[in-house]
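One chain, chain A, links the two complexes that follow: it is found with chain B in the first and with chain C in the second.
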Partner chain A sequence: MTFPTFIMQVLNGLTIAAIYILLASGLTIVFGLQGIVNCAHGLFYMLGAYLALTLVGKMGLTFWLALPAAFLVNFLLGAALEMMGIRRLVQWGRDFTHNLILTLGFALVGQEVVKMIWGAVAQLANVPPSLEGVMALGPVVYPKYWLFVIAFTVLVMAGLYLLFMRTGLGILVRSIALNSEVSQALGTNAPLINTLIFGLGTGVAGMAGVLAGPILSVDPNMAFELLIIIFVVIIFGGLGSLGGVVISGIIIGEVIAFGTALMTGMVAKILAFAVMIAILIIKPLGLFGRGAVLE
Partner chain B sequence: METGGQTAWSGEKQRVAWVPLLTIGAILAFLPAIFQVTAFADYLTYIVVRMMILGLYAMSYDLLLGYTGIFSYGHATFIGCGAYAVAILMVRTGLHIQDALPGIMLALAVGLFMGWIMGFLCSRVGPVAVFLVSFAFTESIQLLVMSDPLRITNAEDGISGIPRETFLGFLNIKPEVHFYYFVLILLALSYLALFIITRRPIGDVFMAIRENPVRVRFLGYRIRHYRIAAFMISGFFAALAGALTALHEKAVAPEMLGWFLSGDAVLFVVLGGPGTLIGPFLGASIVVIFQEILSDFFKNWVVFLGISYIALIMFLPKGLFPLIDRIRSRHPRPEDAEAAEPRRG
Partner chain C sequence: MLNLESIHTYYGESHILQGIHLHVEGGECVALLGPNGMGKTTTLRTIMGLTPPRAGRVRFKGQDITRHTPFQIARLGIGYVPEDRGLFVELTVVENLKVPFLNLKQRGQQKWGEIENRIYSLFPVLNERKRQMAGTLSGGEQQMLATARALISGEEMVLLDEPTEGLAPVVVQNLIGAFQKIKEQKHTMLLVEQNIHTAMEVADRCYILEKGRIKLEEPMKALSQRPDLLQQYLGVDMGESEGPEE
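For the complex of A and B:
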């Protein structure tokens, strides 16, 4: 492997990692807050991709409007799912498994509805005109759009960091994650904040779908295909840890990129699973997991 | 993070439900005779054998979810590996084994082994991560089978042409009806074995782990070992179901290792009633019948699957079987009244 191809693969890995990080951050924040995993997370990602296909491809909207539109639609859908389903189950004192099954059912219904509306055939979205073409980066030339995806993810993650570390809302969110009951006793409106953060996560997943449209294929199986890799990412990084998601997303992304380049896509995925199993044996909490996750 | 004693899965050690048990046994024993007078005896027998095999699969998963409270999403690994063990031994090795016994023995050994691996990985992490780890583990096994590095699983095409001739050398299991009773007897034995396990001290420890793992550990039990044991026992019986599937369908495909089948196990158990053994069996039967009917009429029958997940969890979390049981006894039990009261979350 020559040096330019090596750099190329590193950049490919970072682009894949960007999508992983956007998706995994929402999942891991919700886990930190409510102790549940949202199996329908992949569905919101898929909805974002299909919305972009329709809005940009069919209705001629610009990409720059499709991105916030996907965020808004998925924010509202996610908030609705949280308010009508998950919040009730939590209030009824149900086991966390019930929320897994609920969101799984939601994901299955959503997947079939997407098939009914958009068909089962794989499609590819177009790169927005302003980001077409390539850019020279020292020894390599790289598609502008892929660089934009990386930059956008950096912006979103910086935004999330500022939101959680530098704002009043962030303090409340962290207090709920630390101890929901004490926080509520001090007057935090935890249900509202949980709903907002859940919606924020699904909204970001929707944007990730819009971004992934021109890179990965858009088909009804994309939700679950990616979701399983996202699970690997959040286990590897440590459940509930935002920083862990960034590091592990990059590692898994590079494993997938180099595995695909040197061997096949299937082998690359198996390698990613092997990495996860290795970390479970060495450090069961994941890279940055806190003790709360383990019994 | 521990979930403590707040589980909504049925918390009591219920009585032996003799009436439903004997009714099911009697119905299953006489069904082939009834089928003989209809025009499509073979088709009906085929469906009921499928029901029994998936019922066994559901019961094996009940030991994990219903009794031990482990929400694994990788049960397809066991049924799939069991089926592949039979297929590889009987077709791919070129030994020309015609008897079913070695294949089934190998499948059971594979089931125990896979149960140990999965139990080892899953017992290291918290309850939510168990779901993620088992999900990813199943997926990696399926990818391994599909990429086929050792050239033994025949990649994405699967293996067909599995012979079904004899068992133990003299039992002829080739005709559909003979195989029906063969499966029925194994099902009954498996039910008995699982039932005894749940009534032994080890079963009590499983249920105690479900209710409150922290206290069980304070009592000096190594809950990790018990969790691995639960996975191994469960894997053993699921692999038996897999071996029977391979003999029944005479072919295996990588779909048998897919997460969809893992999801079926969850649905069977939640629909039937976790922690009741018979309930999940009934759940499997109901789902198989509905699949047969719905998949003929609706292309998108998976929608019903998703809706039933949502409806069950929101409105009927204890499943159908405790409902039947309660109507029969007509005495609301104190636990039910307690469970009906909303808890502050």
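For the complex of A and C:
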């Protein structure tokens, strides 16, 4: 492999990682905060992608407005799911598997609704005009759009880091994750914050869908297809750990990129799972896992 | 200020509190005494809304708060120090203190700086450790932090669950000094204690809770002069020890 090709593969891995990290971050934050697994997370990703297809492709809206629109719609939808479904199950003291089933059901229904509205044929979204073409980075020539996806993800993760570690809301969120009961006894409106953070996660998933549209195809299977790898990423990184998601996302992204280049896509995925299994044998809680929030 | 009327609280089917009546007036320090496992912690949890009662009423300043959620109750100005301190071990001392501050209703009227000063004048060691993780503090320091948090959210009243449990005598004396200062500021307190000596040095009045019922209500001074009652209800032998200093 020549040096420029090597760099290109590294960048490919980072682009794949970017999508994984955006998706995984919302999922792992919600797990760390509430101890629930949102099986519908992929649905919000899919909805973002389809929304962008319509807004940009059919209605001529600019990509730059479609991105925040996808965030907003998925934020509201996710918040609604949390407030009307998940919060109730938690209040009634139900086992976490009930939330698993609720979100799974929501995802299955949502997937069918998407199929009804948009049809079942795969489509590829268009790269926004301002990001078409390639850019020269030393010995490498790389698509501008893919570099943008990487940069955008870095920005989002930096924003999340600042939110959780440098703001008052971040202190409250972390306090709920550490001891929700005591935090409430000190006045924290945990139910509201749980809803907001859940919406934040699904909103980011929606944006990931918009970004992924021109790279991966947009089809009704995208909700669940990616979810398996995303679960690998969050378990590998340690449930509830944002840093873990970044590192494990990058590792798995690179494994898949190089695996696909050197062998085949299928072998690459198997390799990714193999890496995960190997690390989990050494570190059963994942790279930065602290121990389950559940009993 | 605080009134519990005919409170019955269950854990599952276990009938823990069987018709509790108690009250705490503004500016008082009331101790809730009794052997372990008798419902003292459950009483505080019932007040805070963490373990709501099946029957009975909790009133705070005349308002019925029986079915309020814990954060609503906290925002009425009731602070809570849980039995295991409940510190956010992976947050720093300052971040722990910020949690109740960020939730204060009239946050605009109080500056963080003023609150910090208040807390550090009461517990200077917390100032020295302000950027340390709460989990790295010693037992006594952790108790101070837990108490400080409750003072910030509990502008009206503070509930303390066994604050001196498991601490060395020197540390306990230190804490008692702090409690006495809090009391001098007319801060209302409801103190659950197994350690009768701690209670004697701080409380005005006390209840003895046994097997889920209030068995006795006495001014603290009166009880300390009744070794027979102390022996009967608390298993305390006061033979040679003196009562609190006059």
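Rule of thumb we're sticking to: the second predicted complex is superposed on the first by the 291 of 295 C-alpha atoms of A that agree within 3 Å, B and C clash if a C-alpha of one lies under 4 Å from a C-alpha of the other, contacts with A are read in each partner's own complex, and residues count from 1 in each chain.
Everything that follows uses one rule, which is that a contact is a pair of C-beta atoms (placed from the backbone, for glycine too) under 8 Å apart; a residue touches a chain by one contact, two chains touch by 3 or more.
Worth saying up front: this structure is predicted, and the values here are computed from it rather than measured.
Touch criterion met: A:183 reaches chain C, while chain B stays clear of it. Residue contacts after overlaying the shared chain place A:239 against chain B, while chain C stays out of touching range.
Once the two complexes are laid over each other on the shared chain, residue contacts for A:174 go to chain C alone; chain B is not touched. Touch counts on chain A: comparing chain C and chain B, the chain ahead is B.
Contact with neither chain B nor chain C is seen for A:130 once the two complexes are overlaid on the shared chain.
Shared-chain residue A:104: touches chain B; no touch with chain C. Once chain A of one complex is fitted onto chain A of the other, the partner contacts of A:62 are absent, as it touches neither chain B nor chain C. By the document's definition of touching, neither partner reaches A:5: not chain B, not chain C.
Judged by the touch definition given at the top, the superposed model places A:54 against neither chain B nor chain C. After overlaying the two complexes on the shared chain, residue contacts for A:266 are found with chain B alone; chain C is out of touch.
Taken together, the two complexes place no residue of chain A in contact with both chain B and chain C. Residues of chain A that touch chain B in their complex: 31, 35-37, 85, 88-98, 100-102, 104-113, 115-116, 224, 228, 231-232, 234-235, 239, 264, 266-267, 269-270, 273-274, 276-277, 280-281, 284-285, 292-295.
Looking at the complex, you find that chain C touches chain A at residues 48, 50, 69-71, 74-75, 79-80, 82, 86, 88-91, 95, 98-100, 102-104, 149-150, 153.
Across the interface of their complex, chain A is touched by residues 1-3, 6-9, 65, 71, 73, 121, 124-129, 131-133, 135-137, 139-140, 143-144, 146-147, 213-214, 223, 259, 263, 266, 270, 300, 302-303, 305-310, 312-314, 317, 342-345 of chain B.
Of all residues in chain A, those touching chain C in their complex are 168, 171-172, 174-175, 178-179, 181-190.
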